[in-house]
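Letters A, B and C name the chains as they come in the text, with residue numbers starting at 1 for each one.
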Amino acid sequence: MKTSKKSFTAIFRNQIFIPIAALLLLVIVNLIVDPSFFKITYQLNSDGQHILYGNLIQILDFGSELAILAIGMTFVTAASGGQDISVGAAIAIAGSVILRVLCGNNTRPEAGQLQTTFLVAFLVACVVAALFGAFNGLLVSVFKIQPMVATLILFTAGRSIAAWINNNELPIISDQSFKYFGGYIPNVPVPTPAILAVVVIIVTFLLLKFTNLGLYIQAVGINEKSSRLNGLNPTAIKFLSFVLLGLCVAVAGLIKVSRLSTINYSVIAKDIEMDAILAVALGGNALGGGKFNMTASILGAYVIQFLTITLYSMKVQSDALPAYKAVVVILLVVFSAPTVRNWMSKTWKNLTAKNTAKEVA
Amino acid sequence: MKTSNEKKSLLSKIAGMTDSNLLLTITVVVFVLMYLGAIIFQGKGFLKPQTFFNILNTNAYLIILSCGLSLVMITGGIDISVGGVTALVSMCCAVNLDYKNGNIFTALLIALLIGVAFGAVQGFLVAYLDIQPFIVTLAGMFFARGMTTIVNSSPFNVANEQFVKLKDTRIIVPFMGSVNKKGVYVDSYVEVGVIVALAIVILMFVMLKWTKLGRQFYAVGGNPQSALMLGINVKFTRFMSQFICGILGGIGGFVYFLHVGSGSPSHAAGAEMNAIASSIIGGTMLTGGVGNIIGTLFGVLSLSTIQNIVSSAGLDQAWWTGITIAAMLCLFLVIQSVVVAGKKKSLRK
Amino acid sequence: MGKEILQLRNIHKSFPGVKALQGVDFTLREGEIHALMGENGAGKSTLIKVLTGVYTKDEGTITMDGKEAVIKSPQDAQNVGISTVYQEITLCPNLSVAENMYIGRSNNIMQNWKKMNEGADAILQSLDIPAKATQQLASCSIAVQQMVAIARAVDMDCKVLILDEPTSSLDEQEVEKLFKLMRDLKSRGVGIIFVTHFLEQVYEVCDMITVLRDGKLVGEYKIADLPRVQLVSKMLGKDFDDMAEIKSENKVFESNSKTPVIEVEGLYSDAGIKPFDFKVDKGEVTGFTGLLGSGRSECVRAIFGADRVLGGSVKKNGETVKIKKPIDAMKAGIGYIPEDRKVDGIVGDLSVRDNIILALQVMKGFFKPFTKAQANAFADEYIKLLGIKTASADTPIKQLSGGNQQKCIVARWLLTHPEYLILDEPTRGIDVGTKVDIQKLVLKLASEGMGITFISSETDEMLRTCSRLVVMRDRKVVGELKGDDLTQNKIMSTIAGGDGNENK
């Protein structure tokens, strides 16, 4: 009896409780409203290819960019105690770079007219995105500017820079194989973005397991001064976290441009920075930095996508979506706020105390 | 010998300044230099007072929103919902005036109510439930933008006569007119919104400098733990900062509506970021406890002047504005960071 | 004896898993300086926080002037006439000195700057505090900030003044000034609760002592009825083994080489110290002494590379090592336990285990993390070795008491097996029991051949542990004492200057 009670409160206090509870809640709501929400079918798509189809697959598909960004955002949040609000703009830059490298000056290349391979284009985008990450990292770690403010610069300029890279042209790639990254690889029924996300997640966990990245980032985020006196270099670690986020941005950028085979500078990845930050917060990570839980962040990203798809399936107009999202977010944060949770566990205790008293009587 | 002494006294004067005043000084100096530069390199356009007044007319709402943001940032919070609130206010007022037979007063009432509602709810969540202000106001922004579409999804211009009359009211600024090409003397004017904005700047300045509540905002932003120990009601102070910012969002939204005269879901896009940028350029620090409303005013002016310079320099491709504002923001941030760090160093010695 | 102004009866307070206060009584009378004593974790801070409204009590009554007082916030406490000055500065650094003295006190809507500044200047002058009313608080030294906090409390016409370890960041002159102030207030009928770890100060200034242990009241005593040794034994709850004896317990380490483990020549850093020379032999405990701000901490920080080194050389075992940042020093086998445990030492949210292995892990390298089993083995070993009281190795270190946190930091550096260990104020703000433990440990390590530098504000602690003392004044080394020169008087006169010692 006692142990079960203890483990119950332990679950309540565990960080990962928040995203899991949110996920369960969404699942239950969907089960009640429309159980067919969870149906997965194996069918032909417009390209004549057999693929898995269904809302759950869509969540995995369209949640990929967010999950990838949430990983980088978690590092940045933990190390610097602030958030990078320029990721959306940086995705525009990365996407623009990929198109520019592939197309050169010809904005309508036919298949076979591409300047170089996809891999080269992607690597260039990685370098560029990492450089912009480094720029943010420089402002934050060396000039000691608060992250949100420092990244406000790239937030303001990013989409303009993206447009400037392609001379404000909108290149379109007609080569079908470019669509593989944002769509389906022939004979693979699972959407490629989901596979890419899994790869990034695996790499991240390997990184956390086989290096001291996690320990260093948390130490620096919690107490910078003391970390320095223990031989760490806080400047370098904060800088590194921004570069890592830059790499995540490059992958997300590749998926984004591949989905459309083109780019719209002012719309691509719009407001995604807000969702990424939300994912970190939903994961129960303190936005003030310090300790983090990567699994919870990633889960948080998929919860957000789950919510979006749920709302779509309930025929909510896409422009009005943010309003509903906001209500859900507020409910989530209110119920996960420590003050509210303390209050809840107190009332819970009182209730159970009364019950046991009755039993004894 | 003498010069080195003078230099020293200037340095020590700078070191003796409070952070707020130091950053304010930098902002004002840079604005004046920038405007002088614009006059010299961009020619006569900037010499005409009306050019300056037009900057005020277009950005009156931004001044009001920035005042609100400076307040929450001084208290150590943030509010990114103000742009969304502006759009929501515009749309609701527009619908009220044209579809629901409303008048100016009902519209104004709606604007204020929206502001009060956002301020009160966000303030409660931030202050009393201790939720991070960024998340709360992020949700507020989503909610406001979404609601705008729900209220009315397509943009339209307001035709209500009473409103159009108020919108076109021009307040003549005496002695500031200029002679136009035909040799006719033309008076300079400002719109009603500018008067509202300046009144709010003065009110906010007085409030922050000379009232007990005003100083509490600084105390809470400087160190909330200490503020609590000093007997300040930290929760209430936090609540008030978000609450006032919400109301200013409502008023700023109405002033914006008064200037553009239409409702649209895409109105005031990115206004929250411009307001944050203005506050920062004006010397408010996001870490809290440091800032000045007069600086904020100059922050907005600097930001809009540079936009003006860019467009009058013929660089009207959209991306130049973004890049120049970002460059300016970068410059200011680095100046702030270097100056504050330098000051700390000189103090230690 | 004056009439009773404050009575606490049967106070209870518990936190999840901890009963911090269990039925504590406390009485304060008019014009009395009352010491509140106890080890860390005895419940002093909790009692103070209940009294000042930071925590709300679970049970019990607080009576002020015969009426029951309801104290639910710091503001309530102020209103009934209880003012507090905390160990950590609880003022706002971004406001002016005058504002810090007056904010949160008046009920006026408007703020009268002129009147406020004049009032503040008058008080600052009358208390002889070197600050101006209009100055930004952040530009004052820590000691002056502390004095401003006291000035605020003094000006509030409080009936009860609580001083929670106010002296830990003050030098002796400033402490004297503070005592003068306390006696002055006492003569005006103010009751003062004084919390401190310095026994000398208790006997110098207090009238009554209340001792707490493990959240319970041990007793209330008149100062004359309770000699020091008894006080300590009441606090520890066991008979006190004489601290003066610990030095002779350990054998002196016989060095077989003449090369000092560390030899410093002309070292100086950007923290403003003058170039200094210094050496430590194997198995020797040396100390830096001097008033607060004399540069003793800055010297050891320079050796460890914690501040930016501007010139000079460090030789280890006769070989020059280049130390630019802490990691260089660590790799050269130097350990450093910093002065400010909270700011520079612990990584609050990390577990005890991670805190213990941190330094060794960093030395081992980014790509070579310890396995969980290894980390646990290290942590368990040192938790046992040093007797760290913690629920488990997974507990966040910030939940431990000050003394146990300090033991974790010591464990962290012992784990790196340094040849030379620097301990800067390792015993500040921790309980007497742990103090003795740490002093013993230092001597034991030295007897095993480690070179050690020990810094403390308490001279008798230095005398007990060190065999050689470097004396500093105004950021300069002014003398070195050893052998028969190691006496309280000699140290004082060297610090004060004026005799032949200083031009050595």
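The definition used in the following text is that a contact is a pair of C-beta atoms (placed from the backbone, for glycine too) under 8 Å apart; a residue touches a chain by one contact, two chains touch by 3 or more.
The model shown is predicted, which means the values in this text are computed figures rather than measured ones.
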| item | value |
| --- | --- |
| Pairwise touch network: line, ring, star, complete, or other | complete |
| Taking each chain's C-alpha mean as its centre, the one farthest from chain A | C |
| Where chain B and chain C are represented by their mean Cα positions, the distance between them in whole Å | 46 |
| Where chain A and chain B are represented by their mean Cα positions, the distance between them in whole Å | 31 |
| Touching residues (chain side chain C, partner chain A) in the complex | 304, 306, 325-327, 330, 336, 338, 343-350, 354, 358-359, 361-363, 365-369, 412 |
| Footprint of chain B on chain A - complex, ascending | 83, 139, 143-146, 148-150, 152-161, 163-164, 168, 274, 277-278, 281, 287-288, 317, 319-327, 329-330, 333-334, 337-340 |
| Chain B to chain A touching residues, read off their complex | 78, 125, 128-132, 134-136, 138-143, 145-147, 149-150, 153, 265, 273, 276-277, 280, 285-287, 317-323, 325-327, 329-330, 333-334, 336-338, 341 |
| Chain B contact footprint on chain C (complex, rising order) | 52, 54, 73-75, 78, 84, 86, 89-96, 99-100, 103-106, 108-111, 113, 135-136, 138-139, 152, 272 |
| Residues of chain A defined as touching chain C within the complex | 209-213, 215-216, 218-219, 222-223, 225-233, 290-291 |
